[in-house]
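Below, chain A partners chain B and then partners chain C, in two separate complexes.
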Partner chain A sequence: MTAPRPVQETAAMIRAGEESAVEVLEHHLAVIDAGEESIHAFNLVMGDSARDRARAIDAQVAAGEDPGPLAGIPVALKDNLCTRGVPTTCSSRILEGWRPPYDATVVTRLADAGAVIIGKTNMDEFAMGSSTETSAFGTTCNPHDLTRVPGGSSGGSAAAVAAGFAPLALGSDTGGSIRQPAALCGVVGMKPTYGTVSRYGLVAFASSLDQIGPFATSVADAALLFDVIGGHDPLDSTSLNRPTPRVLSVLDEGVDGMTVGVLTEFLDGADPDVVARVNQAAEALAAAGARIEEISVPEVALGLSAYYLIAPGEASSNLARYDGVRYGVRVDAEDTVAMNTATRTAGFGAEVKRRIMLGTYVLSAGYMDAYYNQALRVRTKIIEGFATAYARCDVLLGPTAPTTAFAIGAKVDDPLTMYLSDVCTIPTNLAGHPAISIPFGPGDDGLPIGVQLLGPALSEGTLFQVAAVVEAAAPALRVPRITTGAPS
Partner chain B sequence: MTEPARLTREDVAHVAALARLHLSDEELDLYTGQLAQVLDHAADVASLDLAGVVPTAHAMAVTNVMRLDEPRPCLDRDEVLGQAPSVEDHRFRVPRILGEAP
Partner chain C sequence: MTTEWQMVIGLEVHCELKTATKLFCGCPNVFGDEPNTNVCPNCLGLPGSLPVLNQQAVELAMAIGTALHCEIRPSTFHRKNYFYPDQAKDYQISQYDEPINVNGHLDLPDGFRVGIERAHMEEDTGKTSHAGASGRIHGADYSLVDYNRSGVPLVEIVSDPDMRTADQARAYVTELRAILVASGASDGKMEEGSMRVDANVSVRRTVDDPFGTRCEIKNLNSVRSLGRAIEYEAGRQIALIESGERVIQQTRHWDEGAGRTEALRSKEDAYDYRYFLEPDLVPLVPDAEWIRAVGDTLGMMPAARRSRLAALLDDAGGMTDAQRDQVTTVVDLGLDDLVVVAVAAGVGSGLALARTANEAATDADAARVLDPKSYVELLTLEAQGSLSATQAKSVLADLLAAGGGDPAAIARDKGFEAMSEDSLADTVAQAVADNPDEWSRFCEGDDKLAGFFTGLVMKATKGQANGKAVAAELRRLRG
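So, the complex of A and B:
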């Protein structure tokens, strides 16, 4: 299997008129046609609008205009990113049929860069889950093994890129929802510093943790997409009004003289084959000139508990808006409170109800200080713990997930066990930091393993720089092959 | 910090009502067990002595985000109302919110 052609190369060929956006799109639509029935990465494939858009890109090129750095590149969007006039469901019954009256800022930026939106991807309902099994529209299957989960919550986006349905995708990461599915599907996934990518038009789950980020088959492709979507946005009041790191330009700078800390807490609960891959990645970084040291940040062990108090608390507030009044589904009843209750009871799935109730409980009088406020204090301790580590290390290295992809159905009835699959990704969100997952060979079961690089706020440049070195040393992964019937 | 009391079935019924969710008896039992399990796991956090530690609500807090008070385009009213389950006279329509009219 040869690696997919770099996105930058494809875009350059389209911009030069050497290949058409329509041809590139039709190739991907054919792959979707062949593989989507078994994988179910999409809630919606936007074939018609994508064809219109691809033709418009080709017309721009023919007229001598430059459509932008993603000219004619198909991009899949997680179905919690608002697309004007196009259904955006968050994989929830309660938003079935809703057509947002505006585009998310990232969607506008993709359009300005010449990208072609190819579809909306499946996800855990309202991004609450680690396997895409809480989707109201059925689970997504891992392209490497259809009996396994793709991870979650952005499982559809990860699977779409892994299966070759689209070279790029966007997801959102609240506690690992980009990085964990990227690891389980064998693709690159990156969670940016909080505030570097606008959340305008991202349907809110936990507003202090949510960030949009890229999926790609290579570090360079992810870097290109991050450069397009990042930057200040006045429409998001939490958007950082300062220069966003540019990452594509620093990819070749290497790791000579850097210090990489191997985070021991993340190795503790991980499977032996996962630990072996992390150590192998550390050796590759050492060979490239980095200094490797083991480092302990004991505070991160508290991350999971703190997260499952903070995120549900924020979610219980954010999801109060689904009341059957302004958008989405309504179940009629004799008065408004009964209508609200009937709508929410019918519209939300079990995991969403669980988190709303948990969040309502930890924010309620008598419990708020013991749970929610206490978790916010732990958040401070985690930030301090990372600061101590980053005083010594440029980046930290660990696994992205403690295991490879687990079987569909294995954890869905046991919420706490499911939550534990986010143990290595959650601390980053609590700290507002960036992190990236890079595929690093198969595990003992032949399924993808991802290694994770973590850095302090706004260290995206360094992270991508190190990620490129890790990627260059990564053992080959068997790539899922979707047969389109056409010779390739 | 003292640990809070264990979650009861009545607590779950109460928060479900607050959150405008109706639960069957079976669901009440199921959720009580599952939520208690998550809260038990959170006991490591609840029992820590963190007196004097300042809580962090936002890791990258930005303050006083303002814009000029100038008129600018907003969402199209008809497009917004077109997504509502029920509309009357350019307004969202809801079932009655008070008791019977006199």
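So, the complex of A and C:
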């Protein structure tokens, strides 16, 4: 695979006036034009506003101003990030026609850094799913094999980056929704420490787990994007009051003397070709000077069960506001309660309804302690388990997903099997920790495999540092069929 | 009501905090603006919006806790989930099992102590109005929602079930209102809904019985309604039990016009609110220094203000029942400083209290901003006998209208000249001469007739005589 030009280089050329933001944008719009019909990564391609924005960036450069570190770089946004005046649907019928009157904090930060928003990407409805098949607007196809899913829930963002529609994208990760599609589409995806990136303007799925993070074709590009979107935001009370992280600057510091634990629980259910790639990555880290040891964190095996109690519980409350009263779809009926019911019946898809029902049940009087509160206790156990591991290891290594991309339709009628595809990503969210997925060669079927690095809270610098070493050792992937020309 | 029955009453009071902005966003906290003008993504519950806790609201909540002698603790917020159109997010953010204020008390003016279980923070809902004949949601043609109130900060003050009479409940709400106003936390306006009361009422046959099944009464919009509703509800429950039936735990609506409570919903249909910890907020942990700073800014509470006046009257020989009522009135209206200043300047405490409670109180808003110096000068003129009571009241009305002034000059302008002693003696002598029978009885010790003669003198002088001087002259004549 020909490595796309680093974003930092493109931005530098635009800032120097050697290449125009308009040219870069037009290139990507042409790629979208060629491939979007078969991939369907976007709910909305914002060609007109992106052209206006690119021209404005070029004008800034011409006027001697510096538009910022992402000058003229097209960025795709998952469609659960609020964009002022631009439809934000969460791939749900219930939000059809709604235009937020405000921008998410990450959108503001992208604008401040000179980025060009190129479109809103498809996703599982309200981020509930692992394949982008629960979208109300049709599924997204994996650019590496159009009969396969891109993963999810940020499947549109992952596919957009993999297909060369945009060099960068943002997604949200509640139980693996950035890392799993990144792995399945062969791109880098990163879930930051909870509280590192503001959730203001991210339409909530499960508030204690949701976190926005970057997609990119390289670790360095992802680091650049993370540096731009991170940092304290007074509009999000759970935002950590710390200076903006700087991970880009530590990328080439290596892994000499670090201890990397290979997490055995994650290898247990994974396909043999996936396990082989994880071991190969471990060897590469050893060769670069890291100490490798096998480590067991038995508590992570409980993660999936705990997650499917906590996340639906919070979601049942977060999604209550879609009642037809103030915005989005309304289905009229004879009284308010009937209108609420008719609106929600028509507006939500099956997976969202399943999770609302599950979440309502686990929070109900008489069941809450057995389910929701028990899950919270498990969550504490998982945090303790990780703490023991991180007392010995700097980072943990494992697969991102147990398999490569599965066929469209293969799991959509079997929720429990679908849920299992997040088994390696969920524990990180429950712990509030950061993790990153790096493409690491093809599997036996030729499709991308991602390896995952996990670290303790606020270990982003270390994670990116190790990720760069993994990336350097990664076997090449087949170039996605859709990508045309040399991406700039 | 049969004498052996006893009521058991606990009250839940919702109080809107007088903050500049709402509890979780920067929208103005103002009553009476055009509908849906003080709103933003947060208080409209738009997707992606997040709450940010208002520091001033926390400080006012702590002020209430301090004033109610509560323990102020680290606290958390929960979500209370239920669907209602005026609830923008379809959940309310409220403190639940870890409230900021716990274990306080409130002493009624008569000394009876009511326990305060908790005083916690929560957000208010919007306001729904239903178009149609009934004015209620059932059968409405359509409904309109105003979200200006959505997210307005509230403190809910929950008493222990310590009250035993409707009078105590009334006294509790009156005193609590005075405390909320004195602490600067609320304007205490029940008529604008900035203070709302729910009453939990049960009855039992003797004080040794366990508490009976309670009913919660809603829609109590005044202290008067509260008393009526409690009396009605206790009577209803007693009648039920005496006829062999059982009280069912219910929420009941007070119908002010009909003078009765009606069932809204029973315990079986109670909502399951599915409370869980609000993941969008972090625990609130005020440190000791912050708590102390809030306490330091707290003004003098009503009980202390009453004690201060009582002490002044004790110096003058103690309080009558009427004066005890006057003290309560003066403190409730926030006019007690006028009395204190006047007494310090040498005016008798009885006179200062009476003028303040009876005359200044008729226009309390003006009296609160009256120049205390003119008030003291006026009372001094009256105490010296230079002005009669009637004249002093007339001058006071002018002072209140103008916010102050020179009482002596106003009295001159009004033509109020103190009567000379000779002319007063003549008038008294005339009254005695005209009423020999009454005079004999007065001389035999019927002191009530002093008032009769004083009245005659006042009538003859058109109120210009000084009552004390008349009494002194009568005593002199009697010998």
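By definition in this document, the second predicted complex is superposed on the first by the 478 of 488 C-alpha atoms of A that agree within 3 Å, B and C clash if a C-alpha of one lies under 4 Å from a C-alpha of the other, contacts with A are read in each partner's own complex, and residues count from 1 in each chain.
To be clear about the criterion, a residue touches a chain if its C-beta (ideal position, glycine included) is under 8 Å from a C-beta of that chain, and two chains touch if they have at least 3 such contacts.
Just so we're clear, the structure is a prediction, and the values are computed from it rather than from any experiment.
Undergrad: Mind working out whether A:G201 is in touch with chain B, chain C, both or neither, as first, second, both or neither?
TA: Second partner only.
Undergrad: Given the touch rule stated above, what does A:G269 touch, chain B (first), chain C (second), both, or neither?
TA: After superposition on chain A, A:G269 lies in contact with neither partner.
Undergrad: Would you sort A:Y102 into first (chain B), second (chain C), both or neither based on which partner it touches?
TA: Both chain B and chain C are touched by A:Y102.
Undergrad: Pick one for A:G313: touches chain B only (first), chain C only (second), both, or neither.
TA: So A:G313 only meets chain C here.
Undergrad: See if chain A has more residues touched by chain B or by chain C, and give me that chain.
TA: If we count touched residues of chain A for both partners, the winner is B.
Undergrad: Name the contact category of A:Y327: first (chain B only), second (chain C only), both, or neither.
TA: In the superposed model, A:Y327 contacts both chain B and chain C.
Undergrad: Scan A:P4 for contacts with chain B and chain C and give back first, second, both or neither.
TA: Once the two structures are laid over each other on A, A:P4 reaches no partner at all.
Undergrad: Does chain B (first) or chain C (second) touch A:P87, or do both, or does neither?
TA: neither
Undergrad: Looking at A:G254, would you say it contacts chain B, chain C, both, or neither? Reply first, second, both or neither.
TA: neither
Undergrad: Quick check on the superposed pair: does A:V337 touch chain B, chain C, both, or neither? Answer first, second, both or neither.
TA: Touch status of A:V337: both partners.
Undergrad: Between chain B and chain C, which residues of chain A are contacted by each of them?
TA: Looking at chain A, the two contact sets intersect at 98, 100-102, 208, 234, 237-238, 316, 320, 323, 325-327, 335-337, 340, 360, 364.
Undergrad: State the interface residues of chain B toward chain A in the complex, per the touch definition above.
TA: Chain B residues touching chain A: 1-4, 7, 11-12, 15-16, 18-23, 31, 34-35, 37-39, 41-46, 48, 50, 53-60, 62, 65, 67, 75-76, 79-80, 82-86, 92, 94-97.
Undergrad: Which positions of chain A touch chain B when the two form their complex?
TA: So the residues of chain A touching chain B come out as 98-102, 193-195, 208, 234, 237-241, 302, 304-306, 308-309, 316, 320, 323-330, 332-342, 344-345, 348, 353-354, 356-358, 360-361, 364, 366-367, 370-371, 373-381, 383, 415-416, 419, 430-433, 457.
Undergrad: Contact residues on chain A for chain C in the complex?
TA: 80-82, 88, 90, 95, 98, 100-102, 104, 199-204, 206-208, 234-238, 313-314, 316-317, 320-321, 323, 325-327, 335-337, 340, 360, 363-365, 368, 372
Undergrad: Looking at the complex, which residues from chain C come into contact with chain A?
TA: 41, 44-53, 79, 81, 83, 85, 88-91, 137-138, 143, 145, 272, 274, 276, 279-282
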